[in-house]
Structure formats: C-alpha cells, structure tokens
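A, B, C and D label the chains in the order they appear, each numbered from 1.
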Amino acid sequence: MNLAILTSGGDAPGMNAAIRALVRSGLAKNHSLWGIPRGFEGLLRGSPTPLLAASVANILMTGGTMLRTSRFVEFQQEAVRLQAVQSLNQWGMNGLVVLGGNGSLAGAYELSQAGVPVIGIPASIDNDIAETDYSIGFDTAVNNIVASIDKIRDTASAHERIFVVQVMGNHSGNLAIAAGLACGAEAIIIPECLTDYDIIEERLRHTYARGKRHSFIIVAEGAGDAQTVAQEIAGRTGHEAKWVVLGHTQRGGPPTARDRIMAALFANTALQLLDQGQQGLMVAAQAETMNAVPLKDAVAGHKTAPMHWKSLAEILAR
Amino acid sequence: MNLAILTSGGDAPGMNAAIRALVRSGLAKNHSLWGIPRGFEGLLRGSPTPLLAASVANILMTGGTMLRTSRFVEFQQEAVRLQAVQSLNQWGMNGLVVLGGNGSLAGAYELSQAGVPVIGIPASIDNDIAETDYSIGFDTAVNNIVASIDKIRDTASAHERIFVVQVMGNHSGNLAIAAGLACGAEAIIIPECLTDYDIIEERLRHTYARGKRHSFIIVAEGAGDAQTVAQEIAGRTGHEAKWVVLGHTQRGGPPTARDRIMAALFANTALQLLDQGQQGLMVAAQAETMNAVPLKDAVAGHKTAPMHWKSLAEILAR
Amino acid sequence: MNLAILTSGGDAPGMNAAIRALVRSGLAKNHSLWGIPRGFEGLLRGSPTPLLAASVANILMTGGTMLRTSRFVEFQQEAVRLQAVQSLNQWGMNGLVVLGGNGSLAGAYELSQAGVPVIGIPASIDNDIAETDYSIGFDTAVNNIVASIDKIRDTASAHERIFVVQVMGNHSGNLAIAAGLACGAEAIIIPECLTDYDIIEERLRHTYARGKRHSFIIVAEGAGDAQTVAQEIAGRTGHEAKWVVLGHTQRGGPPTARDRIMAALFANTALQLLDQGQQGLMVAAQAETMNAVPLKDAVAGHKTAPMHWKSLAEILAR
Amino acid sequence: MNLAILTSGGDAPGMNAAIRALVRSGLAKNHSLWGIPRGFEGLLRGSPTPLLAASVANILMTGGTMLRTSRFVEFQQEAVRLQAVQSLNQWGMNGLVVLGGNGSLAGAYELSQAGVPVIGIPASIDNDIAETDYSIGFDTAVNNIVASIDKIRDTASAHERIFVVQVMGNHSGNLAIAAGLACGAEAIIIPECLTDYDIIEERLRHTYARGKRHSFIIVAEGAGDAQTVAQEIAGRTGHEAKWVVLGHTQRGGPPTARDRIMAALFANTALQLLDQGQQGLMVAAQAETMNAVPLKDAVAGHKTAPMHWKSLAEILAR
C-alpha cells in the first residue's frame, strides 16, 4: 500500500519519533511510505516525498517535525478538502496517517467522511484530546516547564519573591496542573474553573507564616495573563510578585523517553489498523493499552483536566 | 496518629517527592509524621525525627532520599524484626510507610505479619515490582539512560562504531527495553530471554548494508557485561565495538515530572489507606488508577518486562 | 579575623560556589566566617550567622544565594551606610566580602571609603563590570539562553518561522552577543548601537533565498522589546515572526563548571588579599589570571561588549 | 582558493561549530570549501565534498563531527603522507585546516613540512595541547562530567558512600582537576603526580569526622582505574567505596556556549591566516586573545595541568 503521513497544527516533541516508527514499521510490512509537507496545506500545494528507512535516521531524538507543519484554516472549507481528496487519489495513496491535536484530527475526520482511509494519532502538548489518556508531546512539555521553574526557583528563593509563571493551555489546564503538582506550586489557575483570589491569598499568607519566603503560581494562558495575576497577588499580599511567560521554550527540545515510546506504540497500532483495512479511527491510549476509537468521538469534545491533582498540589504546598 | 516513614534499599528519584507528599498530606489530616533514618536499620539503631512542613521544603526536585537508606540484610532474621516492632511500639507509632523495591517491600510484609500497620509504596528504578504498573524512579532512570546514549551517539556516529551500553537491571529487562525503544537500539539483551547472536549479527549487517554506520546494543547488567558482548559483536562483524557501563549515573538527578507526580499520588493514597485503618497493603498503579493490593501478592513475584516493546524496538531500528 | 560575606543585587549562579569557597578557604586560614542576610539591607536589619564548613555543604551545585539578596536603594544615603559601618564594628568584623554587580560594588566602594576593609567579587550575569574579563554567573546564563533557543529552534524549523528572543541586558549586549554567536542568530540587537532594520531585512532575505526557512533575532532588553521587533520584522519581510521573552529562566539553575571554578578562584584571591591586609579592591580576572583592581576603577565605568563577536555571528548566519 | 577541512582523532564537541564557521567565513571571502571524510584517512581513501552554506546548517548545536573522524596510524609513515600530499595537489586544494588533538596536529605539522599550506585548530576534550590556553571540546566535557557527578551525588548522599569516578585523560589531569574543583571532590588523582594515599585517607577521615557522610575521588584514566582506587580506599577507611567509569558519555552532546564561541573564533582566525598566505601554524587562544603559533611548537610538548586548582579543590572539600 501507499501510505501518506502528515503532521498538522502546533508541533509536538515526539512527532518525529512517530514518523520514524510509521516508516520503519510500514517498510517491515512492505508498504511504501510518503511524507506530505506542511500538514493539510501540503495536500494542495505540496507533493509527497518517498520516505525510506534512511530518511528517518537520526530524528528519533529531535523535537519539531521533519515534515514541517502549518495551521491551515482554509481546510475548514469543503471545496478545499475535496481538492485534498483529489490529490491523494491522484498520487495513488491507499491510506493517510494524520498526527496532530483537536483541530487537525477534526480535519482528519472530515477527510475520512470524504472517503479517505485515515487513521489519526493524537499529538498535542496540551493533552486535551478526548478518548485518549495521552497525546504525544505532553510529557516533554511538562518536563520543559518543570526544568524552567526549577531554575526560576533559585531566584525566587534568593530574593524571597512570589513568581507567577504562565504556561500553554488555551482551553485546557492539563499542562498547568501537571506542572503545578510537579513543582510544588501554591496555586494553579486554569480555564476550567473560576479563580478565587481570596483562597490564594489565604494560602500564601499561611505558607509565609510558616516561614516559606517564596511561592509559585502557575497560570494557563487561557485563564489569564501572568502580569495581571502578579499585580493582583502583589496588591493583596504586599509582597513582590514577578511574572514569566514560558512561551515557545515549552514545546521543543529532545522528546522524553515516554514521548518516544508512546510515539512508537501509537504508530505501530496505526499501521496495524491500516493493515486490517480499518479507517476513520484515532489510536487511543486507554488504561495503558493501545485501542482504536472513532475519530468522530475523539473530536466531539475535550478531555477534562485532573481536578483532583490540582487539589492535591494545593494541599502539598501548604 | 503517629506515622513513621522509611526509605529502604537502592535510592530512587522521587522518593523525596513522596516523603514530602506523605508529610504534607499527613499534616493536613492532623497526623504527626516521623522520619526513620537509613531504612530498616534505623528501626534498631536510629531514632525517629519529627517531620514538619518545613522539614520537607526544597526536596521535591532532588534525587536520593533525605531519610537516607541502606541495604540491611540482618532484617531477614526474625529476631531482628521483632526488635524493630518493639522500637515502633515504644515510640508510639500507629503506622509505618515503607518506600522501596522488592526486598524492602518483603521486609514491610514481614513487619505487617508481626502486627505493624504497614503500607508499602513501590519505589525502584527497575520497575519490576509485581501488581503495579509503575514504581517510583523508573521514568527518571530511563530518561537518564536516554540522555547518556544521546551523547554517546555523537561519538558513535563520528567514528562509525558499534556501542554496547550496559544499564541496570539484575533480574529485569525493563530499563533496557524502555531505553532501547526510546533510543533506537539495534538489539536489547535482557535476563528474561536467551540471546541469539546470529540474529543480532544479521540485524547489524542489514543496517550496515543500508548505509547506517553506527549501532547501539543495550545490555541489562543481569544478562551479561558490556565488554564481553562488545567482543562477541566485534568478532562476528569485523567492526569496532566499544562499550560503556552507565553505572550510578542512571539513578540520580532531579526526578522527572512523572516521578514527582506519581510520588504524590502514591503518597496520597497511602495516607488514605492508613486513615481507613487498612494495612498490609501496597499502593499500586493499575491502568492509570491508584489501587491497593496485599503486600503478600506484591512480593510473591516480579512484573514481567514488555517483550513486545523489545520486538518493536528491533523492527524500528532496521 | 572575623570576616563577613554578603551577596547583593540580582542573584547570579555561582554565588553559592563562591560563598562555599570563601568559607572553606577562610577556615583553612583560621578565620571566622559570618554570613550577612539579604545584602546590604542585612547590615542594618539583620544579624550575622556563623558559617562553618558544614554550613556550606551541598550548595556548590545550586543557583541563587544561600545568604539571600536584595536591591536596597536606601544604601545610596550616607546616613544609612554609616549605620552599616557601625553594625560591622559592633559585630567585631575585620573584613567584608561583597559579591554582586555594578550597583553592589559601588556600595562596596562607599563602605571602603568609610573605612571598612572591603574586597569585592564581580558577580553578574550581564558580565558588564569594568576591569574584569569575567563576572560570576555569565557562563551559566549564556548556556541557559542557548538551551532555550535550541528548544525554540525545533518549532521555528517545523513552522518555518522567524523568532525574536529577548534576553537580559539593560545596559549591556554581552549576553545577547554571546548567545547570538553560540546559536547562529541572524541578527543581534543591543543597547550599545543603533539598529539598522534595512540590514537585518536584507540578511533575512538572503538566508531565505538560499533556502533557510527559520531565523533567530536576539534582542537585549535594554535595546527594545521582542514584540515590537517581531512586528517590525514581520511587516518588512512578510513572514510570520514570533517572540519569546526568556525572563528569569536565564538566571537560575545549577552553575556551569566554569562558574563554579571561577567562583573558587575569585574567592581564594579575595581571601589572600584580606590576609595581606589589602582592601578597597575588587578581584579581577584578566587574561586568565586573578588580579586585584581598585574598586574605584571597577565602578567608574562598564565593560564594553565584544562588537567583533557580533559581526562574526552575523557573517556566520548567512 | 580551494580550502579543505578535516577532523581527526577523537571527536570533540564544537568541531561541527568550527566546520560551520570555516565554511561560512570562507564563503564570505569567496573561497570554495571542501570536506575531507574520516580525517587523514580520507586524503587517501576518500574524496572531497563541496561544503556550501546549507551543508553546515543545523550542525552548530551538535556534538561529534559531520566530516567523521578516525585514528589513522599509517599516517606516521612518510610514504603514506606523500600520497596525501599528492591527493591534495590533484584536487587543486590551496590550503588545509586540520582540527584535532596532539596526534592530529603532529600529522598536520608533517603535512606542512611536506609543503601543504596547513593551519591547525586545537580540538581535544583533554585540553592538553601546548601553546594554547584552550582546545575545543574541553568545556563541554567538563560540564558533562559535572552533570554526571551531580547525579551520582544523590546516591552517594542517600547511601553515605564514597564514590570513585574515572574520567578521561590518558596523559593529562586537566579534565580531572577541573571536574574535581567544580564538584567539590575530596581528592583528584592524575598522571602528572604520584598519589599519596595516606593524605587522601587523612582527608576522608577529617571530613567524616566533621559529619560529612559521602565523598568523591576523581581519577584520570591515565593515573589508575577507578575499581582499584575504590578498593584501596575502602580497605583504608573501612567505608564502602563504589566506582563509576564515565567513559564515552563525557565526549558527546550539544557543545556548550563556550565551545561554540571558541570554535567560531578559532575558525575565523584560521581563515584570516590562510588569507594572509600564512601556514604551518596553529591558532592558539592566549590570555583571551587569538594568536598564531608554529605547529612545530604546539606539537613539541604538552600543556601542564593547573596544579594550584588541584590544591585549591582539596582545601575546599575539607
């Protein structure tokens, strides 16, 4: 079979590991693998490149995506998608694997509705895709955030300051909660729930009273900006509050072991599904097992954040 | 309640995060927390230290264990264990949390048989404890190995050499397999199965034929030593094969986000169990949920390594 | 002798290594060492803590400063400084070592003018202190920046974007230039010279024309903000330009080997000078040798940035 | 001019940064750049590859060498070297830049004696090349060692053990001394001087007596092996002594900022020398300035290790 691969939307560390695994697994099953450049846009304005075993050498340990990626809003138009279907037919593709987050999987679902045999692989540092416990890139992003906060802690402690750290997550507090639990944050501010500044103020006063002289507040970008939060906190506590926006340092770098391993498992399952003639599915990690779920269900909602981790983090920082 | 905590056997990154979580969760429930120094040995030759909120400040992000640890073989004698029980009674302890691997949990089980209300938490970089999907320290150790191999790869590639890398794992190939899958190793040699050098030789010849000029073989220490394997490989292929023993660099350093988070979840569950008056149990991560299993079952066997990851790694390296 | 140590102004990685070296070297010479908390402020509102060999255990590898630090503007008033002199006399101090940047060394100079036997040690991630080739903390900060940019590069490359990265340096382009040379930046914008956007535009067009699809521009905070630069660049080139402000992630984390070693050498020389009865001096690294220069000269100006490194960086990025 | 570049002997992080800088600087001066594969061996058995601006993209941040390298003992024979001269003439090369350590620079010197216009660049993690303060790769290697020891420290401290860590350095204690000073080692064992175990024993007893429960001894491979040293120490002190051989983890990974910057400066100076028609020289870093020295002098001896750093390290660990 001729199998096409594309990566779409925000890049996620581990995408390259998944591409490598798709290619090498596919070759082992005697398929031909093809890379589509720049996501869905490449279906209209690009052309497929053959991917051999050596094409994916030395990418396992790199962030980003060798196929490049883009956010391609035109793909929401049916006419544009039909052109994409035509391209795939013209190139003689028998299947397509799409790696990306919610928006990209929605595009994948639309293609599958238009008759393309598509399998989706969840790849998003936000880890907010429904029906799967895990999306490629999350573990690396959390560890990147943790490493940054571990550095900021030195200054926070030396200057006895409060730091407000803004992390990614427009609609999801997943990154903020995981990082907050891993870093001992005093408070975690996320889009999923209202922020009660009285409680945060009480908590900071409590830790200050027991002698702690520096504190961390993590805010997901969808729930407010770090500067505003810092001003609110400084105003209430009378202590200096600094703010940092971690930005694109969260998204890159060598993928963690977990992201490389999950990428291999997702990719391997994707190929098994294509081999079985299945389509319109997303590979999903569920309770430490690789399953397949309808793309339709995966794009119908969002995974909710682990609110009990948030409560636990806040207890542990007291 | 007076609750004692001890860490035993080989140190694992995340033990400190678990101690912090036990102390802070326990204080939130109005318990008194006590640290026993140097594992089971401390029950005989040490004395408990009170652990306050501030006692566990700034340890979340450190490897090792602030309570220190030891391998205490005398604890296999019943007389010695009875003395330990006496100490705990004398100190007025109402519960004990033991963090460690197979041997330490066996000690914990014996104490529970002797009437001590014990809860175990699996902590072992080998991740070979039965009944739990995860043991604290594994994720950090795998990432340490991966980071080392990513460095060695530069030299392997520059000199076009085969490298045999020896990792920890006396009875278990868990670390070797996870690292091998994450690093693209050509072969993984583990104690759980016989090594067929003919197959490894064929695989190296194959990748060499397709132009790859460097290769990695991971060997778990229980399955042979790197030097012997390197000599065997060099003899068969005619290519230079170097060897590295990673040793104690695998075990330390700041715990990963995953190890810090899992440590918090394990600790939190341990306290819930003690609060419910339960004992003789180990907290177990099962299908992404925190459960409790009898210590008896946890120490009755070993978790088997994911052999399908090994096969997958070897396919992906072709 | 009774010797007091304080760290002042912005924290710099390696300050702890220097404190450790001052204490251990001082003890070897039979001095008594004392730590003043929170910089110059501690001379008025704090009290000295005895520093023993064990007091400085396990700090060599940590960022920040165990003595804590502050920016204490009142110290510019003579009355405040006289109070500080009184404190030191009252405590029976025979010497004072001040670690910090330009402002802190100016304070040290004033104290020496008021009769206190002071030795300064240059510690500033900006590395802009006159008369010394090196200030503690610079190497770690540059490596922190480089590590962040290496991560951002994955996304820059995957999305084929220009990134503008804002680094520290209010008056000095030292960090920006070193990071830009180490990271292959297309342009470096610093407070020491005017920015010619026509040249930058030409350079980006040139690299784009030879096929390079991502670019980096480093801007020192004193020369503009990243967002404005990104908008200018995007407007001129028609390509997407993202921006990141690295902020306090630059300043923390374990000091590099170089910062630990330089800290030891600076501290050792400071003690030799005090032993010789010298004062009013700053230890200076000059042409790989440790010398002493009058504090007066050190605070009279700023070290200029290596402009030929900037030119070289820009040639190498073509 | 046609300029050839080769890397020879052990790979050093920063070689790629130097290759990039040679190519990009050379192109800016309208030269043609050529890469010789696998060191001197490539002069006989390889052929030059044209190096364009894009050929050296994305290598700045990687260890190893894109030109690959080898240890080629036949090059000590005059006949072999004459063949190499013939190749260079045949290919129309007007100059050659050799990056490597003592052995490689000796080869470069012989080629220059045979009439080839050669410039050498010191690249060796051992930093033991005469006439230059710095050789490319040293800073990265030291930081790699420091990062490993920082990890081992967690276990050393948790188990209260002595660790003997073996680092590279067959003839030179440079790495051992720098790492020992940066890590707070109790003793540093190097090939340049005899080891007095009585003194080491006394020092360990001293630190043990003041309450320190873990210690580090660094041994350069040329001065003994870690296992033997550990046995000696354990026998004398009665404490457990573990040993680790860091091996090839020291040599790889992304070069530090310093190695990337020094590589650019060395390369830039090499090109200036070739442009001026000079040859038979090595670029040398001397007192923070780039100079040129005769290759003859550079290969006539070895740089001595900073013995006062060793003494200082041992004082600071007390």
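Heads up, the rule we're going with is that contacts are C-beta pairs under 8 Å (C-beta built on N, C-alpha and C of every residue); 3 or more make two chains touch, one makes a residue touch a chain.
Here the structure is a predicted model, which is why all the values come from computation and not from measurement.
A.B. asks: If we define chain centres by averaging CA atoms, which chain lands farthest from subunit B? Would you check?
C.D. replies: C
A.B. asks: Suppose each chain is reduced to the average of its Cα coordinates; what separation in Å results between subunit A and subunit B?
C.D. replies: Spacing between the chain centres: roughly 28 Å.
A.B. asks: Subunit A to subunit D: how many Å between their CA centres?
C.D. replies: Distance between chain centres: 40 Å.
A.B. asks: What whole-number Å value describes the gap between the mean CA coordinates of subunit B and subunit D?
C.D. replies: The computed centroid separation for subunit B versus subunit D comes out at 35 Å.
A.B. asks: Touching at least two other chains at once: which residues of subunit C meet that condition?
C.D. replies: In subunit C, the residues touching two or more other chains are 150, 153, 157.
A.B. asks: Thinking of each chain as a vertex joined to the chains it touches, would you call that graph a line, ring, star, complete, or other?
C.D. replies: Its topology is that of a ring.
A.B. asks: Name the touching chain pairs, please: which are they?
C.D. replies: A-B, A-C, B-D, C-D
A.B. asks: Provide the residue numbers of subunit C that touch subunit A in the complex, in ascending order.
C.D. replies: These residues of subunit C touch subunit A: 7, 11, 13, 38, 62-65, 68-70, 144, 148, 150-155, 157-160, 163, 242-249, 251-253.
A.B. asks: With touch defined as at the start, can you tell me which subunit D residues reach subunit C in the complex?
C.D. replies: Contact set of subunit D toward subunit C: 20-21, 24-25, 27-28, 53-54, 57-58, 60-61, 133, 139, 142-143, 145-146, 150, 153, 157, 178-179, 181-184, 210-212, 254, 256-258, 260-261, 264-265, 268, 287-289, 309, 312-313, 315-318.
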